[in-house]
Amino acid sequence: MTPELKRLALERMMLIRAHEQAAVALQQSGQAPGTCTSVGQEASAVGVVWALTPHDEILTNHRSAGHLLARGADPRRIMAEIMGRADGYCGGKSGSLHISVKDLGVLLTSTIVGGELGLVTGVALSRKMQRRPGVVACFFGDGAACEGRFHESVNLAAVWNLPILYVCENNEWQAFVHRRETMLTERIGDRAAAYGIDGASVDGNDVAAVHDAARAAIARIAETGKPFLLETVTYRLRGHYEPDDQAYVDPAELSHWLARDPIHTLRARLEADGHLSTADFEAMNTRVARAIDDAIEFARNSPAPSLSQLTTDVYA
Amino acid sequence: MTGTMNDAIEQALADEMRRDERVIFVGEGVATKRAAIAREFGAERVRNTPLAEGIIAGTAAGAAATGLRPVIDLLFAPFLCYAMDEIVNSAGKLRYISGGQFSFPMVVLAGTGSGWGVGAQHNHNIEAWFAHSPGLKVVMPSTPADARGLLKAAIRDDNPVLFFADLALLYVPGAPDDADIALGQAAIRRPGRDVTLVSYAKTVGACLEAADQLAADGISAEVIDLRTIKPLDEETILASVDRTGRAIVVHEASRMCGVGAEVAAIIAEQAFESLRAPVLRLTGPDAPAPASFVLEQAFAPGAARIADAARTLCQSSRAPTRDLADA
Amino acid sequence: MTGTMNDAIEQALADEMRRDERVIFVGEGVATKRAAIAREFGAERVRNTPLAEGIIAGTAAGAAATGLRPVIDLLFAPFLCYAMDEIVNSAGKLRYISGGQFSFPMVVLAGTGSGWGVGAQHNHNIEAWFAHSPGLKVVMPSTPADARGLLKAAIRDDNPVLFFADLALLYVPGAPDDADIALGQAAIRRPGRDVTLVSYAKTVGACLEAADQLAADGISAEVIDLRTIKPLDEETILASVDRTGRAIVVHEASRMCGVGAEVAAIIAEQAFESLRAPVLRLTGPDAPAPASFVLEQAFAPGAARIADAARTLCQSSRAPTRDLADA
Amino acid sequence: MTPELKRLALERMMLIRAHEQAAVALQQSGQAPGTCTSVGQEASAVGVVWALTPHDEILTNHRSAGHLLARGADPRRIMAEIMGRADGYCGGKSGSLHISVKDLGVLLTSTIVGGELGLVTGVALSRKMQRRPGVVACFFGDGAACEGRFHESVNLAAVWNLPILYVCENNEWQAFVHRRETMLTERIGDRAAAYGIDGASVDGNDVAAVHDAARAAIARIAETGKPFLLETVTYRLRGHYEPDDQAYVDPAELSHWLARDPIHTLRARLEADGHLSTADFEAMNTRVARAIDDAIEFARNSPAPSLSQLTTDVYA
């Protein structure tokens, strides 16, 4: 990443963080239901999504705000969806857990863990049969990697040569269960070998490293025609779902990762390299704050869906 | 031209794959077992898969949402248990959840029902599950012609359709003539005045047999073949019961919360004034399907049981309420 | 002593785990979220799992067949879609398939129903699926006390029991007193003469509210809480309808092939002579569950709708057949 | 294996083959429904099952005759079950596809591919919590290895230290689909690494090699407390399910494997080593033929289940 791109990445990561903090505040003040925030995972989202072309597609899950905002989704319509309003991306029918934005190629978002893994093969098959170049990125967690659908999906994609960038965002937690309680191996990227495809693991808190790894993976998919399994090693800095006091989290583990906050480290590096002035940073802060204030304002003013919506969009 | 329901399914597939190149056919061994289809349409559109129903159904849903029109063969109904998430939570719900951003034009094929002696993990009539779930349609034909017409309609429909083939009927010769049949239209297989027998799949034959026996006793039974289970053709059912004043619902699936419960409930709610007798259900038992031939043959209600029930019903009847009202 | 349904579930678990060391508690995060249970009974009997519902349910079935009595928490009802094979094809059928060699004393816990705004992939009332399937029992309580008694009965039962907790009721304070409650017994929550309201889970409250409103109009409504869906307490339902001559079945689950269809069909078949009016069903729509608060609140039938339906029913009624017969 | 044990293994393998051929004949003459025969896989069954103690347990699938007969099940009651008679091991309710024999520790046989994989973890958990030593052997096919349940089962067994001997009988076919259409890798035993456990692949047509590999695997389970994934590389010499003309099978592949028929090769080896005389072999043949004739006779004379059985054994 160029310094310029890194600065843009920092601002987008700050936008994601601010969005999540706003969602938390709204939940705490009873203005919105709980959400699964991506606090701490912003680098993984921006690093991968910015490696995609506008024609590539994305499948994501319950922890999607980072992917959506990295892709350029409108914070106002995301916030409206979280608050269940008519102007939300899904008219309020989804809420925060499965926000799709077809116009941006963010497709079939599911909160069933493993749902995206079950659907992405079909999305990639369409792309392949319609002779559309590019890839489909599929974001899922370390928990989803324990579901049988992970096995079925990666294996089918390998056998059928589907252009899928599997992105396992390993944040060490599966709701209230630590990843180490659920698997004996450390690196999910290594599982690629079991399917005869390539894989890699990257520091998910270093946006530049993630971006490079994602671009290399996409190049590899173009070369081999096969899917690629990329693991971004990161950490869930807030609880699983608001509210969650994380009393069950080892404080040492948490502080270890707090010290590796992807936003703080990126900012520090940019400043150290002389690519970011305090003024630059303040300007970013201001723009981000304004965008999120607008989003909240927009969502608050958006009407509730009309009751007639209860039974629309069931059948085509 | 004659052929079986199995032939009819293959013909409908070929017809639609010729008509619309977005139609693909996917499943465990489909390219091997439907060699003619595989030859005509090629390896890209006719695909064998690894042994994994969940990803087959998920792939279909993902492909349907992005421009293809998949038909998947999951072989036997109980295997759908591995694909319930993809069928119910994804294909059935993601249109709604997304506020209408996606549609899922896909068909799921599966066989079920007594006849092959393969036991409860190959034979389980679960069509009611899908009727109970939003966003899905359900078809279960009783003749080759209906299988052909309904499968073509299912493939052209923009919603996920579950297409169940009754194993006992799959290789029975018939006439799979090429008539268009819209989803949601029941067929009156035999008109009658005294009692309405509502059924689908293999038990339609039992009802027709029963109707013959009843005719001998001067009882005129009307036999309705639902053909499509969801959307259900309530009009045809209610119009018939308004005329006959008596109804018996018959199917192989088990009783509790089955399609028969739905049909009986609709009649009890919307044809109450016409009813001259209780609405009866004759169904398979609350038991898994046995493999042993004699037990398997005893599972679904047969003509004798149906005729007996109809006789009792016609004896113990009263005038309908609408007449009583004037009394 | 007061507590919520969630407390009652934990108490029942603790009671049974103390009583019988074969009882184990397994699921995604159960050891974390039920820390007191984990502390008391230890890591061998209270187990967090990898994120994989299918193997959790399969492990429970395999353990149940070989001497343990597992209780598994699958969190939310739609997640059972990943475990249908283990619940239906294994736990529900392998006793029969094996000629009675195995039994499956296990309990599956899951939450569902409107109230949390979590949308259709966390909220889907699918209890009817399991009522339709052989070998399984189904429980869905409406009070903390019932939850405690029924969960204990479920854990002591030698068959697989699906235990659904209505999310809207889970944290409502109540009195989880420790009464034994047998599976298969409905409760008459309010006696009445003119109309029977049959319900379970959250809509029991709506029926009681409706009954209050109706009382003001001089209509006396009887409210039945099924508590157990399978086996269904037909006697209590039929005895009530024999007295009132009118029935409305109310639930949040969708209409087609739901529990309401079964109850209405039973009434139409076995209480026909007592009926003075059509049997009505008030249910959730044929739609996935919306997340938006206003839409979610409109999903399940409320007191006003129930009271209106009851009023219409009581106006437009006739004398029951058994009296008409003498006319 | 000692020469004596090999002779016994040969005779048992001949019994399995004769049983399957009888089942085929009964199907062809319309006296029994179709079955999935284990013709060609007899060495895998006998080699593994004879490495178990009587206290160990077995889960198997639709292709179970070899496992049942190797374990000592009564051919008469198996045949009666196949013919749907009252004296079958399951009273005729199972038929050929899911025959359990609890008294012999053959538990929860399922014809849902992957069913045994979903159930074996619970059987092993009971064993472990009840402090019963030994292992649970779980037989499944290369097709079952494609089901998500394979992934979930092996992973849970690894994390929970369950004493399971996973035996993947790789016969190159998954009904009408060749294994190579379903996976990019050749050796299923290698997948053990993805779960942090040990695995191995062995010539599944060499009964002694299978037996040694199974014994080594069981020893390893005792040592590590972890499951073991053993692949027996074999071949399905008959069709998937009777009748099946196998028109879809490459004749070269079939003849390659016919030349490696586990019974012929074992017999030849024993004869070459002077451990088997023609008289010995004839005597075996006679005993086997008599056992199968008895079985058919017994099954034919067994009554059909009474209709009251239709609704028994549903609830406990």
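A, B, C and D label the chains in the order they appear, each numbered from 1.
Going forward, a residue touches a chain if its C-beta (ideal position, glycine included) is under 8 Å from a C-beta of that chain, and two chains touch if they have at least 3 such contacts.
Small disclaimer: the values here were computed from a predicted structure and weren't measured.
Taken together, subunit A and subunit C share the touching chains B, D. The chain with its CA mean position farthest from that of subunit C is D.
Subunit A and subunit D have Cα centroids lying 45 Å from one another. In this assembly, the C-alpha centroid of subunit C lies 42 Å from the C-alpha centroid of subunit D. Here the CA centre of subunit B is 37 Å from the CA centre of subunit D.
The multi-chain contact residues of subunit B, meaning those touching 2 or more other chains, are 49-50, 52, 54-55, 78, 81-82, 85, 89, 96-97, 119-121, 134-135, 286-288, 290.
Shared contact sites, meaning residues of subunit A that touch two or more other chains, fall at 91-94, 98, 110, 112, 114-115, 146-149, 152, 155, 159, 181-183, 314. Chain contact topology: the protein chains form a complete graph, every chain touching every other one.
For subunit C in complex with subunit A, the touching residues are 28-29, 32-33, 48-52, 54-55, 78-79, 81-82, 116-122, 285-288, 290-295, 298-299.
Residues of subunit B touching subunit C in their complex: 78, 81-82, 84-85, 88-89, 92-93, 96-97, 119-121, 124, 126, 128-129, 131-135, 230, 232, 253-254, 256-262, 264-265, 267-270, 272-273, 275, 277-281, 286-288, 290, 318, 321, 324-325, 327. Residue ranges of subunit B in contact with subunit A, taken from their complex: 24, 44, 47, 49-50, 52, 54-55, 57-68, 70, 85-86, 89-90, 94-105, 134-135, 158-159.
Per the touch definition, subunit A reaches subunit C in the complex via residues 33, 84-85, 91-98, 110-115, 143-144, 146-148, 174-177, 181-183, 248, 304-305, 307, 309-311, 314. Those residues of subunit D that touch subunit C in the shared complex are 88-94, 98, 100, 102, 107-110, 112, 114-115, 117-127, 129-130, 148-149, 152-153, 155-156, 159-160, 312-316.
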